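The structure that follows is given in the form of structure tokens.
Chain nomenclature is as follows: A, B, C and D, assigned in order of appearance, with residue numbering initiated at 1 for each chain independently.
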Amino acid sequence: MAPLETANAVMTYRDAVRAGIRDALLRDQRVFLMGEDVGRYGGCFAVSRGLLEEFGPERIRDTPLSEATFVGAGIGAAIAGMRPIVEIMTVNFSLLALDQIINNAATISHMSGGQFHVPVVIRMTTGAGRQLAAQHSHSLEGWYGHIPGIKVLTPATLEDARGMLWTALEDPDPVLIFEHGSLYNMEGELPADAGPVDIERAIVRRGGFDLSLITYGGTLRTALAAAEELAAEGIDCEVLDLRVLRPLDTAAILASVVKTHRAVIVDEGWRSGSISAEICARIVEGAFYELDAPVARVCSCEIPMPYAWHLEQAALPRIETIKQAVHRSVGGGRG
Amino acid sequence: MTDQELRDLVLSVLAGIAPDADLASLAPGEDLRERLDIDSMDHLNFVIGLHQATGVEIPERDYARLVTLRDTLAYLAARLHSGSH
Amino acid sequence: MAEFRMPSLGADMERATVVHWLVQVGDRIERGQVVAEVETEKGVLEVESFESGIVEELLVCEGTTVAVGTPLARIGAVAGGEGQPVPGALSVATAGRAAPAVAPAAAPAITPTVAPAVAPAAASAITPTVAPAVASAAQSIEPAAAARPAAQTRGRRRISPAARALAESADIDLDRVEGTGPDDAVTLADVRRAQRQPTSIGAAEPPALATGEDHAAPSTSAIRPAAPSGLATDAARRAAMRASIAALMSRSKREIPHYYLSQEIDLERALLWLENENLRRPVEERLLPAALLLKAVATAAVEVPEMNGFFENSAFRASTAVHLGVAISLRDAGLIAPAILDADRRSAGELMAALRDLVRRARSGGLRASEMSSPTLTVTNLGDQGVTAVFGVIYPPQVAIVGFGKVFARATVEENGIRNRRMVTATLSADHRVSDGHRGAYFLAAVGRLLQRPEEL
Amino acid sequence: MTCATDRHGQPDPLSAEHALYLLSQMLRIRRFEEKCVELYSAARIRGFVHLYVGQEAVAVGTMQTLGPDDAVVATYREHGHALMRGVSARSIMAEMFGKVEGCSRGRGGSMHIFDAATRFYGGNAIVGGGLPLAVGLALADKMRGLAGVTACFFGEGAVAEGEFHESMNLAALWKLPVLFCCENNLYAMGTALARSESETDLALKASSYEVAAWSVDGMDVLACQRAAERATAAIRGGGGPVFLEFRTYRFRAHSMYDPELYRSKEEVEQWKERDPIATFAASLQSSGLVTTDALERLEQQVAAEIEDAIAFAEAAGLEPLEDMMRFLYTEKDRHGTA
């Protein structure tokens, strides 16, 4: 079944996600989408608009506001052989389903000695930047990266938004996909035959020799912009898109640091106990003698995300704060 | 790879073996082993260094053709251009 | 006869107090019958017996606290109790009460396997016996914290940032500092040691200068000494090394009655084997003749132990291990003879690798202390310099030194005409206090014999 | 209760063979659980163990109506359900001994018995944690047009969990083939039902979700069987989920380490008068369906099965440490396309 022909090359991140879902529904009858307002309403972020009309209520299932149970039901259905795509409206509401994700999805394969596995995909929107205030602006994908037994993806480009879902659905184990809310409207080019992509490796989005900018998801654009401005100052930054937070592509991280001898990690989560803290630890464990400067981190300010625009922008990682961190790290001589 | 690049490459390998030697004043025809006080271990490291830098295979029987800088450069250049490595 | 023990009633219950016995000696008890009440953190619990029989002895009186598993009472079998039929638990008479069914006589009593391990005092002993093995083994299978990429091989030595900072501020040439950290990395302590001592070759222990700065965690600015330390310049360092070599050689000549032997050894078979072997090996693993010579000497040292050991406080102490010292010239700074440890147990290939590594680290100042201080026998080879034979001076407290000259060709007359055979002159200088010429000659002959079968080395 | 009748008064044709079978199954559970007490006291079984003594009729009765295509989700008090579902006493015992031959390779213990062959989707140590799973299993069966029923066992304590309300509602909303079996043994660990629920008539509470619900005497194995037959028939007919409240009682503590301060000894003795095994055996003997010899042979068979299970568990091996990481994720080579 050739991958679905998308309308045209120019589209938004949202269109790419929808194309991925549509492609999966067409390829495999076991696939169905379940979540709050995914059907008649077309999805809180309009990702699933049109799918109910095309695939019907059996496979595009609106659920009551019962995160624990429709996530648990998705897990149960997966164990019984289906390939559910469960949409949790935002990572903020996923806290209600943590028990099912950790105690059932992540645990059952290991604890049953491999008798059952859980091929469920759970998608959720994440991140801040749209003045939704504290309860709607969490960035917790790093937390989920702490849990063995699941995989955690953070698609930051159109290719990944389009291609990660099918590979995730084919994976026999639970996969969580975090789509940063501010990426939905991002426009870009997507080849007509864009299809599934790997969900294991980090990718260098911009090569460089002076310093490694390590990031994922919503802050990839910010890091790339900072790298361009730094290039004008003669500082050549490598930008590494992690793409996967569990399992972390440690080899790629270390390979970059061994090359540049400096690292700045950009992570929208709160710094304490964050995924950036874990990456720091792995760099120090694996490449300590390659370091010419302390590993630096640019994270969100450790406060509940404020509503006011100027406060929210100040709290989030920004191009300026990334550049300041790079300048501190590069310091005197370079290379 | 140009001749100049090859020359720099060979000199950098030599520098790794005899760090304190004054390579600038090395005449192309001088016997490297005498001039730089290179023993059999240094020479083996020299061959290994050249192999790793250029990829050229250097069998033991060819050691005698690496006595001077000129011979070494000629030997390597011939093999690099014929794509034998 | 069975023992009634303090039961384990909870995952975290370790001990309990017998509050009240509900039975006395001589009472007949049924399986499942509550026989005592015990006090735990959660309150008083009834404790039942899993054996039927007669209470023969109460081992623990009321009010005493004991660990889980401690025997509390001894229960004897009912007279002629063995063949007793299984009373129908469900016989109509007892319908109203869930009568405990007596397990059939054949059932083995549940002897708690932890019983033997349970010493009354060690309540924790009831943890499953695999615990220690689990703890240690678990580490071993922990996935490597991070797949460590091969640091670039050439050029970049492993130097901790703190060490780099101190060396820079104390104006110390890191190339001359031996790294003792993981994978020979240079640590802060290494740089501090280099700061304190003249660049001795490890012969004399550095005077213990317990200076305050050892303990204070130096921030780079704080440790800039007022004047550069006297030994920083190369010339001074070379002079110091010359002085220590002189002292060692003088002591050797003064104390050790050397005797000297030499023998020409046919290397033709060995060199042919070597050339064939090198055709098969990638360039990085090619063997030099020195590897075979070292292996032969190490093996011969096992056969003639009087050559391998130390002469201290007027007695010879043979060494079971053969740590072969290899004399290495440091281009400008004289000579050192670090050891290849356990040379007798290494193949020629391994010896070659060890030799290459040793030479590289010796010349870059990165030798480990253990390698400096423990050769049991030394070999010196001046063949490269064209010398035909070298009679070495023994390094005290060793008792012998073997020397090799250059490889030379000798025409020999054989049935099918004159053949060119490649030879080498091997020499032995040995301590006459420990061995006589006869044993020395046997040793050199052994080296020669071993070199005739290179494939076995 | 001497003669088995169903709710509508017609006498049920109870064959001697089926009667003896029901009795033997209840006895298997009872003796298995009693042996667990002994093994736990001797520290051969560790962790938490929750015994089913007194509630045997519910598991035995309901399981008669479930076939191989049906699914079962249970709780941490699941030895009885697992045995009735066909999980061997050997593999359950080995599991509690922490051995690799255990039904979960020694990784789950008493509270986490899993068995793919019998679609026994496990014990679950989170109160109410299994309900959403059961809803999902039923959803999958329904979407694939399969006739399976998913039986979900839980205690009355779970009724207070959010997941109970969400699951009842979703199952009813989507008419999913779920048999909700609430084993109301009156105490959630140490909290009596009246101290945790405003409405203690659980069948009434369940019916508010537009779910057929009624309560059953959980101490009468035939009543349990008939109720389950009626419920599963309705479910297989597409009527959506059914909620059964089995009024039952546990004769032993919530778990091994519980001084039972929350209930009186008299109450326990009172309920023991209605011991599901003793009362059923008595009625079978008085109606001549079963003889004393048959009962004795039954006891010996059950004892032999349990001794064999213990011997098997003691002889079984430990999972090698190098396998500890296995199955965290599915092993690709064996599964190919999962």
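Heads up, the rule we're going with is that a residue touches a chain if its C-beta (ideal position, glycine included) is under 8 Å from a C-beta of that chain, and two chains touch if they have at least 3 such contacts.
No experiment lies behind these values; they were computed from the predicted model shown.
**Student:** Could you tell me which pair, B-C or A-D, is linked by more C-beta pairs in contact?
**Tutor:** A-D
**Student:** Mind checking the centre-to-centre distance between chain B and chain C? Centres are C-alpha means, answer in whole Å.
**Tutor:** About 40 Å separates the centre of chain B from that of chain C.
**Student:** Whole-Å distance, chain A centre to chain C centre, using C-alpha means?
**Tutor:** Computed value for the inter-centroid distance: 46 Å.
**Student:** For chain B and chain D, let me know how many angstrom lie between their CA-based centres, rounded off.
**Tutor:** Taking the average C-alpha coordinate of chain B and of chain D, the gap between them is 81 Å.
**Student:** Assign the assembly's chain-to-chain touch graph to one of these shapes: line, ring, star, complete, other.
**Tutor:** If you draw each chain as a dot and join those that touch, the picture is no line, ring, star or complete graph.
**Student:** Provide the full list of chain pairs in touch.
**Tutor:** By the stated definition, chains touch in these pairs: A-C, A-D, B-C, C-D.
**Student:** For chain A, which residues count as touching chain D in their complex?
**Tutor:** Listed in rising order, the residues are 32, 58, 61, 63-64, 66, 68-82, 84, 99-100, 103-104, 108-117, 119, 148-149, 151, 170-173.
**Student:** What residues of chain D sit close enough to touch chain C in their complex?
**Tutor:** Touching chain C: residues 27, 31, 34-35, 37-44, 46-48, 98, 251, 255-259, 261, 272-273, 275, 277-279, 281-282, 285-286, 292, 295-296, 298-300, 303-304, 307, 310, 314, 318, 321-322, 324-325 of chain D.
**Student:** So in the complex, the part of chain D that touches chain A is made up of which residues?
**Tutor:** Going through chain D, the ones touching chain A are 71, 103-105, 107-108, 112, 114-116, 121-122, 124-126, 129, 131-141, 143-144, 162-163, 166-167, 169-170, 173-174, 326-332, 335, 337-338.
**Student:** Going by the contact rule at the top, pick out the chain C residues touching chain B in the complex.
**Tutor:** It is residues 154, 275, 278-279, 283-284, 286, 288-290, 329, 331-332, 355-356, 359-360, 383-385 of chain C that touch chain B.
**Student:** Given the complex with chain C, which residues does chain A contribute to the contact?
**Tutor:** Touch residues, chain A against chain C: 250-251, 254-255, 258, 282, 285-292.
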